[in-house]
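Chain nomenclature is as follows: A, B, C and D, assigned in order of appearance, with residue numbering initiated at 1 for each chain independently.
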Amino acid sequence: MNIHEYQARNMLEKHNIKFPKGKVGSTPKEIYNIAKSFGGKVVVKAQIHSGGRGKAGGVKICNSAIEAKEFSKKIINTRLITNQTGPEGYLVEKMFVTEITDIKKELYLSLLIDPDSECPVFIASLHGGMDIEKTAESNQAHIFKMNCDPFLGIKPYKLKQFVAKLNLPGDDNSQIVSLINNIYKAFISNDCSLIEINPLVIDDKANLVPLDCKITIDDDALFRNKEILKLRDINQENTMETRAKDYDLAYVKLTGGNVGCMVNGAGLAMATMDITTKSGCYPANFLDVGGSTDKEKIKEAFRILVSDKEIKYILINLFAGIAKADLIAEGIVEANNELNNKLPIIVSMRGTNSESGFEILKNSNLNLHVANNLGDVSKLLLELEKTK
Amino acid sequence: MNIHEYQARNMLEKHNIKFPKGKVGSTPKEIYNIAKSFGGKVVVKAQIHSGGRGKAGGVKICNSAIEAKEFSKKIINTRLITNQTGPEGYLVEKMFVTEITDIKKELYLSLLIDPDSECPVFIASLHGGMDIEKTAESNQAHIFKMNCDPFLGIKPYKLKQFVAKLNLPGDDNSQIVSLINNIYKAFISNDCSLIEINPLVIDDKANLVPLDCKITIDDDALFRNKEILKLRDINQENTMETRAKDYDLAYVKLTGGNVGCMVNGAGLAMATMDITTKSGCYPANFLDVGGSTDKEKIKEAFRILVSDKEIKYILINLFAGIAKADLIAEGIVEANNELNNKLPIIVSMRGTNSESGFEILKNSNLNLHVANNLGDVSKLLLELEKTK
Amino acid sequence: MTILLDKNTKVLIQGVGRDGSFQAIKSIEYGTNVVSCVHPNRKDQFFQEKIPFFGSVKEAVEKTGANAGVIYVPAPFAMDAIIEQIDADLDVCVCITEGIPIHDMMMIKNYIKNKKTKLIGPNCPGIISPKLNLKIGIIPGNICNPGNIGIVSRSGTLTYEAIAQISEIGMGQSTCVGIGGDPIHGLSYVDVLKMFEEDPETKAIVLIGEIGGTKEQSAAEYINNNVSKPVIFTIAGSTAPPGKRMGHAGAVINGKMGLASEKILALKKVGAYHTEDLSKIGETIKQIL
Amino acid sequence: MTILLDKNTKVLIQGVGRDGSFQAIKSIEYGTNVVSCVHPNRKDQFFQEKIPFFGSVKEAVEKTGANAGVIYVPAPFAMDAIIEQIDADLDVCVCITEGIPIHDMMMIKNYIKNKKTKLIGPNCPGIISPKLNLKIGIIPGNICNPGNIGIVSRSGTLTYEAIAQISEIGMGQSTCVGIGGDPIHGLSYVDVLKMFEEDPETKAIVLIGEIGGTKEQSAAEYINNNVSKPVIFTIAGSTAPPGKRMGHAGAVINGKMGLASEKILALKKVGAYHTEDLSKIGETIKQIL
């Protein structure tokens, strides 16, 4: 789960990390008042769940409270499109105002869990403000990593070596050392999968100042982080994805597709997308109904699929393991009838209870096209495209 | 380091452990007011760094605020002698007043670090209020243990099995489970070597109530627990032990001894006590001047020794490793002159720089008796005793 | 022969809720020697009127000689179940549970170092050995056929797909291992490849990968240096967009290395056979062998 | 032969403050091959104008082939130093530092499980092998004599005492190991007894114990089942009062098992020779051998 910049700041402030003065507002008037209270000259930043806000015009240095107000008037309640949002962009409902920092140097610092080393890893770069991926490609020598120990945490001897590479001004590295230790504590206590400070700047007084931060929380750990769950902003999510999430369905909307896919298993769902694309059609979504699935979930999945007006075909590809094919079939038939769906449905169904599942589908009034195997799916899609 | 019951309660309360209402007071008037605010009927407990307060008359159930006042008047500013304090007892400066709990059942619960399994271990007994050592001897079957993992903490599956054995009333064990989890957190975050809740009672409403608690903090970890260090009560310590601690000397006053011992190394210091006893004398103290010792430390050690009016001989037994014998010798001579000490000094000195050390001693005006080895020490003591 | 399981494998089950008990029955029907169930509140009861419940894994091991375990308990309790099975020194622990926090898995992977237990999963379909009529987990037995193809996969349903296609062409599987779709999981591709390479009964290996992470690249490196048997592979997610979690917690393209194209490249480079069209796994194997 | 150390032992030193550098010089004078020092801020400098400093243990190992380390850093930083030496895969890490928090030692002992490094100490005098003129730590070399008696001890100064007495009667030491006075420490009596039993050069073993804990009892149990060589022992603290820490963090009588009398009983029972009077260790050995 992503949270807004201002929420991420709050979370880090609880772990003794100091930011420049800042406050969030929802209306141009509020923005004006905040800017005024900060002395007029401020940075105003659109709060959306995406990076690339600066280049997209969502961040501005304003020289007066009036300028801040005008800027926010232009942005609030519009959809900001960045190179990371997709063409729909994200709705800006809040803007964050901070005082100006005199930047002498920009760094990058993040902490994430590295699946390869299976431990938390700090990444620092001498080039802050930039996309870390790009720095990694263009200037590997300016990127440093430090593995932490899941049991012991940060090892002081490694930290000493790590911060030495950053070559910061001043006699000791106490500021960066305590920042890193505090980030680690915040990371562990909030089940984070990412904390990113970008840029982390050195100001004119040689202080280390985190200017922007991003935090991602492990979705799978939200059950034990009820307070964090309250920070969820569903207006930053695709409506269908939000509905899917409520039913514990893994759904991702894909732009420009015409085949609504419903699959069990993430791998098979991806493979189904791949096959659809090969057939000359395009998947409208990724949808994994999951292992432990029930009729209600299937019905909701079907409803979500059909609510996507772009789709022309429905492709159901199931290989039941934990899930039972007959239950799934019942759900499909019920939802199809409820919605009075006429779109052609290609079904491939195997595994646990698949015989009885097919029985149920065949005895219904679905616009059914049966695929006996994965190869058939391609063929049926091609045929349907030809006959349209 | 030991802390008072009321301080231990504060520490545990910070970790969400609930106690019966209670407050500490230093004068009979304060005790009266507290008791009155609690409704009159209260328990009043002397605050000293020792167990066995109940049997020694330091704890009383009072039926009125006036009774509480009278009781505290009798106890405050006296020295309470329990079976654990030694004959001097400890000065009572504060008393703790708590509301009455209706006790249905008494248990024992503690957490300590077990050197054998090298992990934190919870110990529970079905017989609270008693000395755990005695229960262990008389009723092993009523004592249960649970090892924790230093890295993972309490393992839920083990905790389930552990609390099941206590056979508590009620459907679930949620009260004891959260108590145990909170004790563990307090233990880890405060570098404790012991947290003991004794008794832990079940009251008339089937609630789990910790009635008394004891916490010991690892002395070696006080450098990183400055807040805890503030809780130190030097009035609960032997004056000489306190002085020794300030100079980082390991000193323990022993009752009834006549030989002041100064040794480097804990093992040799104990062995010196053993030898002294064999010679028919008695050690007046344990004193290890430590490995990394300097002249100032040695001088203070000598001052502490000589300030003990019970001693007739001084026994210095050194085998220098890290410590350098010449430096130690210089310290002894300087301190001896400063204090104008005339008591006979038996010295055995070997190891690093011991030749030059002896040189320094011999060229001084010490009442010196040189032992060439440990066997000589016994002989010299015997001789001195005969000639007295 | 087979990997991980053998005829002495005795299975205990932790978590017999709706799904767990359904799958337990399927496993028993298939022929698996399920000897005990574990549930702290169901001591002295029996599952299906014959398999005894015990209050702890340790007790189940002591009383029934179980040497392998399977976990169906919900995600919030799965870490504890895995740790309990590790502490009881089971040979194999298969965790089917999906949605375990990644911080928990990080702890588990550090805890399991140098312990006896081999962890499979989580978020995986388990293991099946058709020749032994033995399975731990949820892979449907009826699609399997005893044979010589070993399968190792991050995806459950794609494993079934591969199994079905192999069976359809008249061949069969030696052992199939679903290693799970989480970014941090127990046995890796490399661990299983090593076992297949050493297993005389396995003649060829099917490796099923997907987008995200760099584990397929590690597998490629290992194949290059250590695997002599033919490896047929497929990678799901060529058409997945970057930055989005495609169901599996591990299936997110973060950076170039996570792309399907990169993984395909790495595996092709070391001589593994690529099945671009997932529906042609069976066909490809037929051509090679 | 000798235990723990051999002629290929190359020592690095971490912590060359007042005590550390004094002891380093003594070690070098004794004949120890000290190859490097570690200090993050003294890179490119030299200790005693000839031994190079490095910024990290890893670098010191890479550049100088150090395979053993000694730690003199203050207690608050000792855990980090120990972990760094473990991470660098040194064969032996000797920690002299006194006063390390017990919570730290608990973490270290769990971390070191199944790692390559053998930890000696902390709060110990280290190891000495007179025949090799090799010592790591602070045991005075001039009191030693090459010979056949192995010493294992929780106490530093009592170790010196035993060494001196053995040398005085014209005998000598094979290896002396101070395992340290903390309740949780690296190698135990049992670990060292095992090495002495296997070491052909060691003919008899002196075990020096003290009050507190049950480690002497564990040693007794091990001796009973596994040690064929004569064991001479002494236990310090017969006259210590209960509940008081006698210098060493581990020397507190908490419960009956911590009493000197219990330990003496346990060791006598398995046939070890008791030296009641500490000053007669040498004599006792002479009588037995």
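Operating definition for what follows: contacts are C-beta pairs under 8 Å (C-beta built on N, C-alpha and C of every residue); 3 or more make two chains touch, one makes a residue touch a chain.
Being a predicted model, the structure only gives us computed values, none of them experimental.
Shared contacts of chain C and chain D, meaning chains that touch the two of them, come down to A, B. Centroid distances from chain C, each centroid being the mean of CA atoms, peak for B.
Centre-to-centre separation of chain B and chain D, using mean CA positions: 28 Å.
Chain A and chain B, compared by their mean Cα positions, are separated by 55 Å. Under the contact definition stated at the top, the residues of chain C that touch 2 or more other chains are 107, 110. The set of chain B residues touching two or more other chains comprises 149, 151. Residue ranges on chain C touching chain A, taken from their complex, read 18-19, 22-23, 26, 75-76, 96, 98-107, 109-110, 125, 138-140, 143, 153-161, 164-165, 168, 181, 183-184, 208, 210-211, 213-215, 218, 234, 236-241, 243-251, 255-256, 277-280. Only residues 113-114 of chain C touch chain D when the two sit together in their complex. Put simply, chain A touches chain D in their complex at residues 149, 151-152, 155-157, 160-161, 164. Within the complex, the chain A residues that touch chain C are 84, 113, 115-116, 118-120, 133, 136-137, 149-151, 188, 191, 193, 218-221, 223-224, 250, 252, 254, 263-271, 273-278, 283, 286, 288, 290-292, 318-322, 324, 350-352, 373-375, 377-378. Touching chain A in their complex are the following residues of chain D: 40, 55-57, 77, 80-81, 83-84, 87, 107, 110-111.
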